[in-house]
Every structure is written in structure tokens, then in C-alpha cells.
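Both complexes shown next keep subunit A, but they swap its partner, so subunit B is in the first and subunit C is in the second.
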Partner chain A sequence: MDMKANKKKLGLKEKYAHMTRGLDWETTYQPKDKVFPQATFEGIKVHDWDKWEDPFRLTMDAYWKYQAEKERKLYAVLDAFAQNNGHLGITDARYLSAVKLFLTGISPLEYMAHRGFAAAGRNFPGVGPRVACLMQSIDEVRHAQTQIHALSNYNKFYEGFHAGASHQIERLWYLSVPKSFFDDAFSAGPFEWMIAIGFSFEYVLTNLLFVPFMSGAAYNGDMATVTFGFSAQSDEARHMTLGLECIKFMLEQDPDNLPIVQKWIDKWAWRGIRVLSLVSTMMDYMLPKRVMSWKEAWEIYFEQNGGALFNDLAKYGIKVPDCIAQCTVDKEHQSHQLWLTLCTHSHAMGLHTWLPDAEEMDWLSAKYPNTFDKYYRPRFDELRERADKGERFFANTLPMLCQVCQIPMLFTEPDDPTKICYRESEFQGEKYHTCSDGCKHIFDDEPEKYIQAWLPVYQLYQGNCWPEGTDPTAEGFNPVAKYLEWCHIDAKDTGDYEGSSDQANFAAWRGAATQNT
Partner chain B sequence: MSTVFIAFQTNEDTRPIVESILADNPHAVLDEQPAMVKINAEGSLVIKRESIEERIGRDFDLQELQVNLITLSGYLDEDDDQLTLAWKN
Partner chain C sequence: MQIDLRTVAIKPLRHTFDHLVERFGDKPASRYQEGSYNIQQEHIFHYRPSWDADHVLFDKKRTKIQMKDWYALKDPRQFYYGAYTIARARQQDATESSFEMIEDRGLAELIPADLKQTALDVLVPMRHVEWGGNMGNSYIAAYGYGTVITQPCLYHAMDHLGVAQYLTRIGLVLDGPDALDAAKEAWMSGATWQPMRQHVENLLVLQDWFEIFVAQNLVLEGLLNPMLYDYLDAEFSANGGTAISMMTRFMAEWSTETAKWVDAQIKVAAAESPENKAQLSEWVEQYRAATLKALAPIAKRAFGDKADDLLAELTSEFNARCAKLGLAV
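Coming up: the complex of A and B.
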């Protein structure tokens, strides 16, 4: 006779305790500090690793179950997208520039995050964070894979999707911005990595990247991106929670940790905000159908939500980073200044740019009443006038880069939006340039680290970025053209959207989808 | 007082979840965005397993929320019966 089993299964708290504790062992033939050589050099003191607890209390068995469910949902949608000409459902093919920027600039970072969390898991002596880092490491490689799979459907039809992870992330001048952020974090110790990625990027900033981006994708009819984005974002909610847990853990373990953590928060808040300026152009300029302005997103997700967080961290003695004052000024200017630079350099980019039309400029005026008409509309008008005469302007050289964030020196002084901000530091007899007080401060704190930065534009002009066998003394030699060849960028991938093959193909195929001829 | 929030994908799985959250948290405010539903609440927000089970007519494991979760804000605490988000100050 069958007996009904009444014995209750383990509760969540008990299960978590059993599956994330007591899994390690004491070392015998090597001292512990040799097995975990990175655990102490940063100065963070930990007295009890068991105090680290994942608030979701996720264990490996549940992790596999729910991740499998997410994958099944995602790939069902991708099949439907491919089977139903999903690429023709987007608002217009300008939108694809945002997707290209994501694929070339963000997806490779997911892979780097995978490596970084694997390393952090290896280097932490405590079992709780090791289990959490393991799951996050697997999440991140899943994100890289699902993004590449989802966007490969666009690669069948449009330009510029072919070499992001394989060649461009390590070579292209604007992609070195996100890459250097992760290089900087990965070459630090495991605790700084957790603040840089777990806290600053995942907790404070990821909402600004994923949430408006995915709502934007939904608004613009991009089923593929919405699906991988939300699938990834469901993991991010867990990552954010861990980022917050991790900072609380460090602060509660020892009062000596406070100044170290504060320094990292200041540094990584600014580093992250600089990287996100790429997202600001996407929201204000690259989405044909806009969700909200960068400034509005900044106010909801950074000022309100970040404000709530810093109010709470105040009890540990954590202060709001100094750079926030500058950010309050920058939110009115950032996207316009960067888009103007991208518009005048897209002959050397793997995506198209365009000048905003009259209706779009009115939207920008309404969203930025203090700055757009005064500083930026006249510059777009000037560029439009030249373009109408068939003289679309592109700068003939590549821009000088900030030694820290690697963004071209294009942002302005905090008190004068008509003057480019340059900061200069000297180290071992050499001069180094940074784009802001925030970046100068970071440089001056660790100059030995940042003088090693690989700055694509400088490397190009030093002759290190051409295909093998290039002869720079040949007649008519064009360094930028050779550089683009080395980056696997074809002429079709570059320049203005107006007149591009993406524009022509999208119009022809969408036309073909509604007619029988 | 600071605001906490939680956001889910808009779909048939989350509809009863959102309904139960709004029923259990009278101070919560619904914010519907493209493909996403966000719930904001002053101070704290609680999600109860029982309320969701009443609406869907089957057993529900709160960890199932993970599948459709987009983002959240505030300190989280989860056990078998409820998930709480709160700022502690």
C-alpha cells in the first residue's frame, strides 16, 4: 500500500545552510595563505566568512532548475523570431546601431565578467561567496552566449555584426571604454572586483543599462533583444542583491574596512558613470522611438534609487561619492556631447550615426530645456546644413583619449559647457591627460597602473594597429583606413545611416514583406 | 523614507503575482512600462506565497519568481513563505 510521505522537505534556510557551508577543508601540506594568496593584500579584514549570506538563499539544485526554464523560454522566442522575419518588425534600421553597440561593447564584457567571477570564487576563502561567485560566473557566460545567439539573427541581414567579440573589442577606439573598465577591475584584487562589478556596476548602474535599454528594445519592436535582455536581467536581480550583500559584509566585518571600501566606491561610481555615457547616447539619440530621456532615467535609477541606497549605507559611515555633484551638471550635457563626437567620427566606427531630424530635436529641446537649444541645436543645425550641401562632416583624425576612462577628451568643464575639460598629471617625467577631476583623481592614486593603459588611438599613430605587412611609407598611405581593415570593419559598416546599405536593405525587405512583387 | 521596487516581465505568469503584491501592500504603486511591470513602495514591500497560491490554484515556490524577475531595490530577505524588500534606515 502506498504511504503518503508527510515528512516535510528541508526549508529554504536549512537547505541553504546545508548546501553552502562546510564544503571546504583545512589545508594540510600548504599554509592557507599560499592557497588563497589574494585574500589579504588589499587590506580587507574578514573575521567570519559564514556571516556572508545570499538573501535569495539560492542553492545549486534550484539554480539549475530555474536557469533551464529561462533558457527554454528564451530559445523558443529566438526560433519564433527567426521563423517569422522578426528583423523586419523593428521601427527602422537606425535602431540597429544601438544593438551593434551592445553586441560589440557589452557582450564581450559579459564574458570577462564570467572569467572575473570564476577568479573571485577561486580567491575567496569563504564558502558562501564562493558558491555565489560560481553561480554568477555561469550566469555571465550564459549572457555572452545568449546575446551572441540572439543577435546572430541580425548578422544574417545587416552590416557590422560580424566581428565584435573576435576582433573589435580589443582594437576599436570607442570599445576600449567598456573594455578598460573590466580590465581595470579584473587586474585588481577580489574584494575590489566585488565592489567594481558586484556593487558599482551591478547594483548602482545596471538598472540604467538594462532596464531602459530593454524597454527601449520593446518599444522599437526588437523581440530578440527584449528576450535575451530580460532573461539576463532576471539574473542581474540576483547579482545586484549579492553586490549589496557584499558591501554590507565588508563593512560589518571590521571598521578598518571602511576607508578602503569608500575609496573603491568613489572610484568605481565614477568609472561606471563614464562607461554609461555610451548608454546616454542610445537613449537620447539611437532609439527611433524613445522611452525616456537619459536625464529622466538618471533621476529615477541613480538619484532616487542610489540616494536610497546611500542613505542606508550612511549608518556604516559611507558617504555619497564626491563625483555626484559633477554628475548633476553632466546629466544635462553628456549624451549631446558624446553623440556629436560619434556623429563626426562614424567614418571610423562599426556602426552608423545620423543627425537628429527636426522632430527629434524638438523632443530633445523639451527634455533638456536648459541646455539643448542653447548649446547643441546650433551645432546640429550647422552639421545638417553642411550635409544638405553634400559635405557631411567627418573629422579626419582620431581623438585624444583620457588615460583612465579612455573616452575621447570631449566632455566640458563643470562650470563652462563651451570649454573642453583637460586635466594633466606628471609621473616619472611623462605627462598624462585625463578628462575630468574624477579620472585625474583615479590616475593620481594609482599612476603605475594607468600608465600601462593600451590606448587605441595612440597605438594606431605609433604604427601598432595595421594588418601585417602594411607599408606606412607607401604613397597615399592612409593610417585610419588601414586601422579599420585591422579592426575587420568594412566601408559598408561605417558613416552616416543616410545612404547606407542597412537603410536600403531594410526598406527593400520590409517593402517585399507586404507586397507580392 | 526611501522607495523600494521590484519589476517583472509583463506576462501571464506574473499577472497573478502582481495582483497579490498589490493586494498585500496597499501602499504600493503600480508602474506599467513597455514589456515590464514595476511596483514601487515606500519603505518596504512583501510578497506572500499564500496569496499567490490562492490566485493560481496550485502550490507555488517563491523561487519561481526568479524566472520573470527584472530588477529590484532594497535589502532582500526570502524564506519559504515570503519575500521582503526593505530599506533598514
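Coming up: the complex of A and C.
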């Protein structure tokens, strides 16, 4: 046989270039601005898409192969978990509040990321980023689905999961915080999307979002969630390299891009940090077995690791966002302030809350020596005292929300932790309120965008959040009760963990599984 | 003999999520259902998109096709991510062993020169057509409505990328990187390919996502894939080019499988209303004419004198398929 033995083997990089960039062409029958209509309106200048360095080189055949292997393993574990009452292995059913928050607040974001990256994967004129974005898009639908599948088993046995992954994020007041973050990013252009989600969310903040939830799962015996977390790790690593490559590419292409990118980094750092305040309560209050305090996580993952990242970006002229000074103050307060608010509004929430017990308060004192005993322990003591007298306090109304981050106005002034922080802006003759200098700054930069915010509490009081056919003039009409019905929140989903059916069922089932009675 | 293990049985409080109970009743839901239905947000969006201020983020009005329930457009393959990747991994495994065998044994050297040239001239430039298919389907995945149709369109976009990469490998196996340069040259300026390139570029500027679905997934693929992976493949196999058939087996299997999915979408959408049926039929007629025009010179290169008959046959098969789907074309 006449074999051509000396055929040159192609290198990986070269081969990958043939498999991706070689596919594309400069259109001539249709103008480029019609084929890629979103490429320029944000003002980012790109001169040479070929300068894009592929952050990872995966052809589809390899992608299918690796990912299928991970899926087989993941679903084998989920099946075993379901078959063997794996839900009884968690530390305590209180832990499930964190998981409920994850399913209703984070999984829908994975879905939004899937759609947004599909858009980015269509809209960039460069084939390198398009392929990388499409891989992320399909990974994100994986994450949304594997999370729903992992948590579906809990739904069978516990309250608070039954509305599923996306019904409540459109309606529920505290879930408009993460929702508005992704709506904001997706309604921006493709470059801002990449800074918002690819860089800020996936690179800078993921260690403060994804990692705490997954570590919390590992610490609290939640095999379903932690298996998903491990399985998603290699996807997340790819997403991080994409986010970093994207920002470097924009900065290297043209010096005029720097101020735009800096503005977006500042905006999305603050937007992201506000979303993370929900994670801070999860770490400090919701986990029966705690991984570390929010303050410690912030110091390690943001101040140290993030600091190194910004040092690296300094050569492009990027500066650490101004809001970080405020964060250094907030890290001592935010989880306590937010949990106090959640505890007094948990009759209007899809998960249980509880007042920390003595041991938990001692842990909080030790972790927050500067603030907990001074500002927060007395307030929890007061709530506990009232609860012990059978007068558990719940706020009868719903709170005012920040026009930008949509968190209730509950955070305090940077220089006075006893005074609620309000900022006010005027636009087209109307007044708008924000919770902080960071949010006010974002509002003032794009007021025409943020006045559109659909603030759940205001919508409720305007009568837009009731099931069809509701008659608000009926006798004994209770707007909050009707609102909860519209959100698919049942009485069993809400209020204190103490006395809940989750608590009773978990105790009974664990008893049945471990005792011979 | 059956062995029954004893387990601690706990009666579940419910079988699945509220929206699935409303849709299918209170019974255990499949992973496809849990991972697909109602996971796209529907009603409330905070900000108008800066790139399309006339619509909300997910908007039913981005197409002329209208459905009472967009979740009627389900995927008969029930592909959620896990099922999809596992199916493709199995197919790629088989394809990979074909490529390995061809490369290890130098089987490409045994292909008769004229067949090899046909493969280089016809199959390799198709990788650019596939890349167009990727772009159209990613558009639908981004801007379409309802996960049961947007999700498979992303899978289909990734499949198109995969197919483009297999076609690239065929070029590399047959003639190294030069094959890709020659194919690109033909695609950009060769007379045979200009009508097709023009057609593909025209699809890249469409804005109605369902129109893209019809033009790309039903019409272009409905005429092109059988031409390449049935008829041309039969020519290769019959004349000593089995090695080429081995390298296109993924595409042959894939195009049959995906056609079933496409059919299910069109059938349901057409049956929904006379307006849908008329619109879909109009699109099919429009894009069938355009596709046939684009295919004519390529068919001529692939089949010579038999090209006209073959295109006529393909068209009549395609028309019969459309008639079965309830279209008037």
C-alpha cells in the first residue's frame, strides 16, 4: 500500500483554528452591520477580531465526550440519592432554606445566562468569542437543568420548592434582586453583557456565590447539590477564563475602550455585591453547619484574590472600583441587617427563617467582634423575648425598595450603622430612591433605564400582583395574602422554621430511618 | 427469582412542581419535562432591551407565527442537556473510530481520484454552510420563545458546529490544510458556490426567528442533507468511496434524527391556525425556490447530467414531506 507517511501533523492551536476561525467569512452579499447589528452601538472599538486568544480549545466532539461522561456520573448519583432517601442525610431541614433560595434565586439566573450567552454567541463579529460564548450558553442550560433535577427530590418531601425554578423570580420581592441583575445585563449590549456576567459575575464574584453555596452543601450533607457543584466545576473554570480573556481583549483593542470598560466594572461590581448580600445571610444564618463567615469569605475571595486580579488589570489602566471602600464597612453589617429584615418579613417569603439561638449568636459575636454584640445581638434578643411571650413580631407591610438593586431600604449609612441610608434622585419631575451611593450613581448614569424597574412591592400596592379574578373590594380582602397566592406561596412555605411542617416531617422521617419504632 | 430489598419508604408529599402538575397532572415528571417546561420567564421584565426597544426580553411578537401555548412545540427526542450530550457522545464515538481507522490505515489514499475531488469540491465548502446554520440556530436560541423550542435550537446550533468540524476533518484527511484553503476560495469566489453563499448570507439577516427555523432547518436542510448524505453518499459507496461514507456517518444519522424534530415543530405550528399554516406555506415556497437556485450549480458539480433529475426528485420528496406536515405548498 502506498501510504503517505510524512503527512504533517497539525498542532493543537493550528487545528483548532481550522475548526473554528476557518469556518467564518467576510460577508459580501449582505453588509456586516446587518449581519452583526449589535456590534458597535455600545461604543467598544474592535480593530482585529483575530487577536482574540481562545481561552480554551474544545471542538464539539471532545465537548460531547467529556460532558456526557460528567452527566452520566451526575445522574447516577442523583438516582442513588433519590433511591436511598438521601434527603435525610442533611444536617437539619433548616439548611433547606439555603437550597430554596438557590432554586428560586440562582437556577433561573443560570437559565438567563444560557439565553444571554446564546445572544452573545450570535452577535460578536469574531468567531473565537462566538464559539466560546455558545459553549457557555449550552453549559448554562446544563446548570439550570441539573440544579432543577438535583433539587427536584427535595420538592417531593419539603415545602417551598413546589413553585419551581422560575415562577417566583418574576414575582417575589426579594427575588427581584437577582432577577433585575440579569435583566439589566441582558437588556444591555453584548459587550456590557460580557463585563456584567462573563467578567463580574463569573470571574470576580463566583467565589462568593457559587462556592459558598456548594461548600455549604458539602458541609451540610447535601449530596445532591454538592455533586452538581463538583460536576459544574470544570465548566465554571472555562467560564472564568472566557470572562478574563474578554476584558483583556476589549482593553487591548483600543485605548478608547478603557473608560467604558471601567464604568461597567464599577457598575457591575456594585450590582453584584448587592446581590451577594443574600449570600451573606445564607453563610452567616442559614447554614446549620457553617463554612466560614461572610466577612471571612469577603476578605479571602474579594480583598485578597480580587486584589490580585485588579493588580493584574492595572497595566491596562483599570482601577479598583470606588465602591470597594463602602464594602469594607458593609462586610461587618450586611448579613445581620438583611437577616433581621428577612426574619421580620418571613410571613411573605418562600422559605423559613429563624432567630439565631445562643450558640449561633456566640459564633456571630466571635466572627463579628466589632459589630454583632454592639448593634445586632440586642435586636435579636428583643425579637426572641417577644417570641417567647408568644408575640413573634412580623412587619405588617412590605418594605420600600431601592430603585436599582431592589433590596429593601435596610442598609445603613457608611458612617452610622444606626441610620438607614436613603439617596434621592430626580428624573423627569419624579423622585426616585436608592439605597446607597453606589446605586444612586448607577441610577443617575442611566435614569431612563432604571425608572422602568418593576418593583414588586409597589406593583403589589398598585394592585398588579393578584391572581386573575381577584376582587380587592371584597370584605376582608388581604392584599399580602392574595399576593402570596399569586406567587404560589402556601402558608406551609412561610414563617419561622420552628413549628413548621418541614421541621416536623424531617424529625419524623429521620426517626423512622434511624430507630426501630 | 426476584429478590426484594427492604428500604425505608417515605410517602412523598408531591410528585413534581406546580406548573407540571397543572399541565400533566400530579404524577412523577420526566427529566425532560422538569428541565424544559416553564423555565423561561414569561410576563415580567424590568427593562426594555437597548438592542430592541419595541419588545421585552422574551417576547411572543418576535415572529409572525402565533401559538396559544408555545410549549406545544415539544421535542419528540425529549432532549434535555444530559440526554442530548449522551446521545451525541455515542455518535461521536462511532465517528471517531471511523476517522481513526481511515487515518491509521491510510484508507483515504484508496479513494478513486474523481470521487476524492468531488468530496473536496462539494463536501468541504459545505462547512461554511454549516456555520451559517450555527448562526441561525443560535439566533433562535437567544430570541425565540419557550424553552421546548429554543433549547433544541441551541443543540442544533452546536450540532452544526460539530458537522462543520467533521467536514473540516474530511478536508484535512483528504488533502490537508490546502483542502480548506481551496474550499474557502471556492466559497468566496468560485462560480459554483456564489448562489449558495448569497442564500446563506440572506438568511443571516432575517429577524423573524420562526422564519429562520423554516428557511434553515426545514427547507435548506430538508433539500441539502438528503442530497449530500443520501444521494451523494450512495454514489461514493457504490464507486469505491466507502471511506468518505464512513466519515459522513454522523451527518447521515443526525440529519434523519433532526428532520423528525423539525417535522414535529412544523406540524404542530401549522395545525394551530389557518394563519400559521398560510405563513409557513408561504415561507416554504419562498425559500424552496431560493434554495433550489442555490443548490443547482452544486448539484451539477456533484451529479453532472443527472443533477436536474435529482433535484426534481429531491423536490418532490420534500413536497410530499411538507404535505404530510399539513402545509399547502
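Annotations
Going forward, the second predicted complex is superposed on the first by the 504 of 517 C-alpha atoms of A that agree within 3 Å, B and C clash if a C-alpha of one lies under 4 Å from a C-alpha of the other, contacts with A are read in each partner's own complex, and residues count from 1 in each chain.
The rule is short, and it goes like this: a contact is a pair of C-beta atoms (placed from the backbone, for glycine too) under 8 Å apart; a residue touches a chain by one contact, two chains touch by 3 or more.
As the structure is a computational prediction, the values presented were derived from the model and not from experiment.
On the shared subunit subunit A, the superposed partners subunit B and subunit C are arranged side by side without overlap.
Judged by the touch definition given at the top, the superposed model places A:Glu299 against neither subunit B nor subunit C. In the superposed pair of complexes, A:His162 makes contact with subunit C only, with no contact to subunit B. With both structures placed on the common chain, the touch criterion links A:Arg57 to subunit B but leaves subunit C unconnected. After superposition on the shared chain, subunit A has more residues touched by C, the comparison being subunit B against subunit C.
Of the two partner chains, subunit C is the only one that A:Phe41 touches; subunit B does not reach it. Contact with subunit C, but none with subunit B, is seen for A:Ser187 once the two complexes are overlaid on the shared chain. In the superposed pair of complexes, A:Arg238 makes contact with subunit B only, with no contact to subunit C. In the superposition on chain A, A:Glu69 makes contact with both subunit B and subunit C.
In the superposed model, the angle subtended at the C-alpha centre of subunit A by the C-alpha centres of subunit B and subunit C comes to 80 degrees, rounded to the nearest 10. By the document's definition of touching, neither partner reaches A:Glu413: not subunit B, not subunit C.
Nowhere in the superposition do the C-alpha atoms of subunit B and subunit C come closer than 15 Å.
Common to the subunit B and subunit C contact sets on subunit A are residues 69.
Residues of subunit A touching subunit C in their complex: 1-4, 7-8, 10, 14-15, 18-19, 22-25, 27-30, 34-35, 37-38, 41, 59-61, 63-65, 67-69, 71-72, 74-75, 83-85, 108, 111-112, 114-116, 118-119, 121-122, 130-131, 134, 137-138, 141-142, 144-146, 148-149, 152, 155-159, 161-167, 169-171, 176, 179-180, 183-184, 186-189, 449-450, 452-454, 488, 505, 509, 512-513.
Touching subunit A in their complex are the following residues of subunit C: 7-8, 10, 12-20, 29, 31, 34-36, 38-51, 57-58, 80-82, 85-86, 88-90, 92-93, 95-96, 106, 109-110, 127-128, 130-131, 134-135, 138-139, 141-143, 147, 150-151, 154-155, 157-159, 161-162, 164-166, 168, 172, 176-177, 180, 184, 187-188, 197-198, 201-202, 204-205. Put simply, subunit B touches subunit A in their complex at residues 2-5, 7, 9, 33-36, 63-64, 66-80, 87-89. Every residue of subunit A that touches subunit B in the complex is listed here, in rising order: 11-13, 55-58, 62, 66, 69-70, 73, 206-207, 210-211, 214-216, 218-219, 226, 230, 233-234, 236-238, 240-241, 244, 291, 304-305, 307-309, 311-312, 314-315.
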